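Before I ask anything, here is the structure I am working with.
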């Protein structure tokens, strides 16, 4: 009789184990109340994906940058041109721009109560410069091969000695956020150390909890030196699918969301949220690959540009010019010395055909590469294909995923395609663009080589006189617009929807990439 | 197919009205696919001012997010989806039948080797294989056909192998060996014709699976490259507009559902028509 | 029985080894470069070279594989190139969600599939049988993506009954909330296997009812319900175990797709990102994990079959 | 011996897609207490369908379209289902042809035996197990206490048929219907099973209806024989009369086509030409007509049953003619 | 081993000539279980050390219960698969080692008819295609006279011209066996293996097929190896009969003598078990064979029949009996006859 019972037991066991496995494997949290929604409120912000790291010297992706902006306070920050001192009290540059002294505020403290001193800043810079740590920001502090020197003057002052003058040094400093020496000292490999999982920061919010694939929870830090955050906590909620995210915004599961152009109308109609729009600081361009002979001919480039109506091109990519302004200069609107009046190429089919005939390029065939996962690029490519067909140019579309496109673009003698889209956001310092346009620069996607052009960039980098610099950068933008090897299309706009119940948006100062400069200023109305 | 099986199939079709409906549906779709150029609008021209229009007299299925006529795109999409379905099925059925028949007929070490490699192939998550294979080949119909074909032949070869093993023991195959017929002739004159019914059934069910796989391939961004479209890629693009324009998702989804449904019904009708009871006492 | 289990386990090792070689070769030969996903213009080329070296990408392929294998044997699946965290931790964090989703959908499809299959078989050719058969046809022909969209449109957008995002509402921590979140993904994942089980149970019950041993039971005065539950059901349910094993590949692929539609925090979304950014160690980790799940699933089903079916047990 | 079962004008047809197959076209016979009667016939003669119709065990596509089958005066064919269930297995038991598929492969032999015992004899689980072991010993299965917990696949063909006999006789039925019980067995095992069956039925007084196509089995085992062809009874009589003085041309043809064991001379076999009739549209008259060497136009209409000897009737105009000649001779 | 003794009995068997077919120490073993490393641990000895010969024009019957290896012997003789050991000499030439190419001419001479009428004809081919297959292989017929040859064969086996275009499922069991026979004699063979050709047919139809086989043997001088488990029919058709038990040949003798004076206890029990179709002759219930077939896998030494043999002695358990001549043309493998 034993065997019979064994059989029945086996089947029952199979079913129960499957079900138990299903339920027990859920880390069902029943005790912890999640966000500490006290009277200050818990702001839920949607992010596209998990943050790559909580260690600022390795943070490159927008998710990590946004969260670190809440956890850590920078030395100083620059919003639409004007400087604001945070951890630092003052930054004085020497006459020859070769020496900078930085003075920290008094009484600064880390979230765990340890004092924040010049030692931490020194430790941060040494870690960044240390080749073994391969931090992402090392290149900004190595001027043609020679790293800068950092030494501690006293408990609150640091001196930076540069091997050569650099106007862009201040913009590099803005990106750096000090990390706690007492936490990371002695760690062989900062990148992989497990101290990164429970970060100790210096910003208005401190780290509470991270649940993979779901959310990152940060709460108000009382140790913050300036005005405490009115919010009790912020939850950065991971939402991959943007239409279910828009839905969650409507039923209150989310309070803040970066909105895609095509969802703008839907969110506006729903009326739950205020919509903020501000320049994203990014420039979308179209790049001609100068390694290809046909592309070397200026008439061909001009013919192509004349065949496109910039207004319609933007409408195709961003569904309306409301979400992306037509761009004239290769500099983004928030960059110093940006020029508005530059040569333009109005939509003129006959001129385009004439130019093509002059260049002997009838029946031209072009291979156009674009990033397959980006909807704007895909739609613009389709529009471009149809428009160029009208002037007799045959366009073959080549969709590539991020890794493949990146590798081809950075290959100096790449001939896999004739044209492609480009895009960058370099911040307010014009010298940062040098990396994209110098003849032998790593990221010169169009591989355009011009001595005169290079000289102007080098002079402007070391020129101390402001209007001399303005005049140099003016000539640069002028030449680029005439040569049209990189054709600026649009200045992108970031659209952020915030639940109507939250206020303090102006004080928090909307900012590209990290959404807001200071989350602490936001609060929940009663 | 010889006379006997043909009459059986026709009688089965007459009695099972569901099979008739299935044939009619497939007939309409194939005709529509062939007549695609006659569609009122061109599927790929972008009209920025006519974006996301609801179905109307002028645009029967409305327009998509680029202002392209959705009905025309559905017709051209039918061409892609049906051709991918049939071509991929042919690829997987041919490979599957040959390997299955050889492995089943010869048995021994060759059979164990083939079966072990199929076990390995089946335990590699097909999802990853799709992504990786697609990275090698440039996008297009040929790539999709190859990827899907290479992924779905393994289940067919298992079915064919099992059937070959059972047919191999039948006495008319023993007689063929006794009367000195060559192995090649035995496989192609006796074994494969007797397992044609199973192959046909597996083929129709495979087409259904292939069309569904094509739509999930598009979901992963690996399907047909723009400006052309398949039902799968149309469905995938419609994902973003499910809120205000559900029709964008409704039409391709319905078309895929009815096609796959038709193939499944046909598969079952073939199975019923060629049921082995025909030659059982 | 133990000898058979030992032999199957021994076969498992070369298979997993072979799979790891094939996937390593396939992944590493794909065009593109993992460094691209986090390179920014202000990083100098030699810094990039140093980063690539730190990832060990500059050594010859076979050496990289040797290191990878050596690490795996010591239980360390290497570091994700993008998230800078051990692959094992990332996977272990996510596995419960995927297993939970797959587990529930298997249980759901078993229960519903079997009951509907039996109901259809018992009322053969009656209206209810025709309706159920038609539904089962719809079930196997329904594209998962489309079904998910319909569910979202009806239950989330229009009726607001069910959330369509992630596994949990923020600030609410109850089992009921997780279940509410899991309803739609589970349904989408199991709709096809419900149909498959139903069709199988119906056809095999009908064929079992024509067997001699059933006639014998009638001849000895037994009723049809007793025959069904005491005799036929057992013969019908046994092969379900093998079908369970065979349908694992579809369920795993399906789980990956459903997870990204509903932002479900499982292995799937991790896998898709890893492949798009060519994060080699992560892809290897997830491929090996899902292959292991598949092979182990089939082995478990096979063993289960031996335990439950006396004919097979005595053979081993 | 009192009459146990009387079957009157039994008609059973199968309704297939191609039309009505009349498997049994009006069969009447009776079985007395303790009698061992055999129905012999080739495939398609309707012998098996007749047996199954007695307990209404025909597959769903078939239907009993007429006639009665009275067991001790109670017509089984019109009995409501729950009452008929009481009869099945208790008063009338059955054994089928293929032992390999008669037992449920996933249940132990003991489980299946005790289930029948407890249903008809209301025994406790332990008591039923004892009874089952006893019956296994009676049908000649060695060490039954161990084998009762084994599964059907661990028994040979012969052993399984013994289990079926145990199952049948354990409820002490009045009638045992055995549908080709030994066709699937080897000749030495067949001999053992037939010997076991006849002894047990004699000791328990159970009457047996044996269905077979093997004339040798009928001759050795049965006391009375019914010869069936084309869904009808061609001839019925005691086994001695049928074998020594067959009246119907079909019976004669059957007997002539089997090799005789007489020594020395080995004459050529005399087969019955042609093939069995198609019961989809059966001939109106005698079904054997197209294959019968002495067929005449009379055979287009079915003759009445005529007794050439008390208890020995046959369905043929020749018997009718012979009877009338004899009566003229008598006068 | 067995010498070429004088052959009386039916027909034109010539004495002293080399037999058409000579089987010496034939063995065919199947592997049931392999150890982890591929070494075979359990073997089923389906046919074990069987020798016999068949003269031209003779019918040699091979009988025995299921699992005794008679079908495997028959199929080994026509080289349907490779044998484990032993020789198969056709007119003195050993076929055992040959490959398919070398076997080709012998395939024409050796043909076969199988048991199940529903499985021996390819359901997808009509009668014309079925019967003309051997003609295509062994050539000599162009398309037109191939059709005439087929119709001639059809009529020879009692079927009509219009049957040529029908499919197997449109015929009764008896008619299908006739088609198999027509197919087997199409290429003009000398030897035909009949592997239980009538077991699946009704008694009346069996007689038709048996008569036809006898007529064809007369007319074409065919030699038959007739395998069956129905002993009475085998006795009718065979000149000499071999009885097999558990893969061994236990007795060989002329058909008449086997029935009148069976030498081996198993043959005796086998004959006693045949139900005689005559109520007056009652079966000897006392000499009924008891017990079950032992499992074929256990490799016990000694006579395989000893567990069920009423005369079993100690010697039977130790030493395996060998086929010995006990009378002209009559051999038995049993210690009783030493």
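Letters A, B, C, D and E name the chains as they come in the text, with residue numbers starting at 1 for each one.
Quick note on the criterion: a residue touches a chain if its C-beta (ideal position, glycine included) is under 8 Å from a C-beta of that chain, and two chains touch if they have at least 3 such contacts.
Please read these numbers as outputs of a predicted model, since none were measured by experiment.
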Number of hops, chain A to chain E, where each hop joins two touching chains: 2
Pair exhibiting more inter-chain C-beta contacts, A-B or B-E: B-E
Label of the chain whose CA centroid is most distant from the centroid of chain D: A
Whole-Å gap between the CA centroids of chain B and chain C: 23
Separation of mean Cα positions, chain D and chain A [Å, integer]: 91
Rounded Å distance between chain C and chain D, as computed from the means of their C-alpha atoms: 55
Chain A and chain C, separation of their C-alpha mean positions in angstrom: 37
Multi-partner residues of chain B (each touching 2 or more other chains): 135, 239, 242-243
Residue list for chain D, restricted to those that touch at least two other chains: none
Contacts with two or more other chains, residues of chain A listed in rising order: 3, 241, 247, 373, 401, 404
For the chain D and chain C complex, residues of the former touching the latter: 55, 57, 59, 85-90, 93-94, 96, 98, 101-107, 115-116, 119-120, 151, 153-154, 164, 167, 171
Of all residues in chain C, those that touch chain B in their complex: 15, 18-19, 22-23, 26-27, 29-32, 137-138, 140-146, 149-150, 152-153, 157, 249, 252-253, 256-257, 261, 271-272, 275, 283, 286-287, 290-291, 294-295, 298
Residue ranges of chain B touching chain C (in the complex, touch as defined): 116, 119-120, 122-129, 131-133, 135-136, 208, 212, 215-216, 219-220, 232, 235-236, 238-239, 242-243, 246, 249, 252-253, 256-257, 260-261, 264-265
Touch list for chain D against partner chain E, complex: 42-43, 156, 158-159, 186-192, 194-195, 213-221, 239-240, 243-244, 253-255, 257-259, 261, 263-264, 266, 268-273, 275-276
Chain C-facing residues of chain A, complex: 3, 7, 10-11, 14-15, 18-19, 21-23, 25-35, 37, 42, 44, 49-50, 52-53, 55, 58, 60-61, 131, 134, 136, 138-140, 142, 191-192, 196-197, 211-215, 235, 237-241, 244-245, 247-248, 251, 253, 373, 401-407, 410, 424, 426, 432, 435-436, 442-443
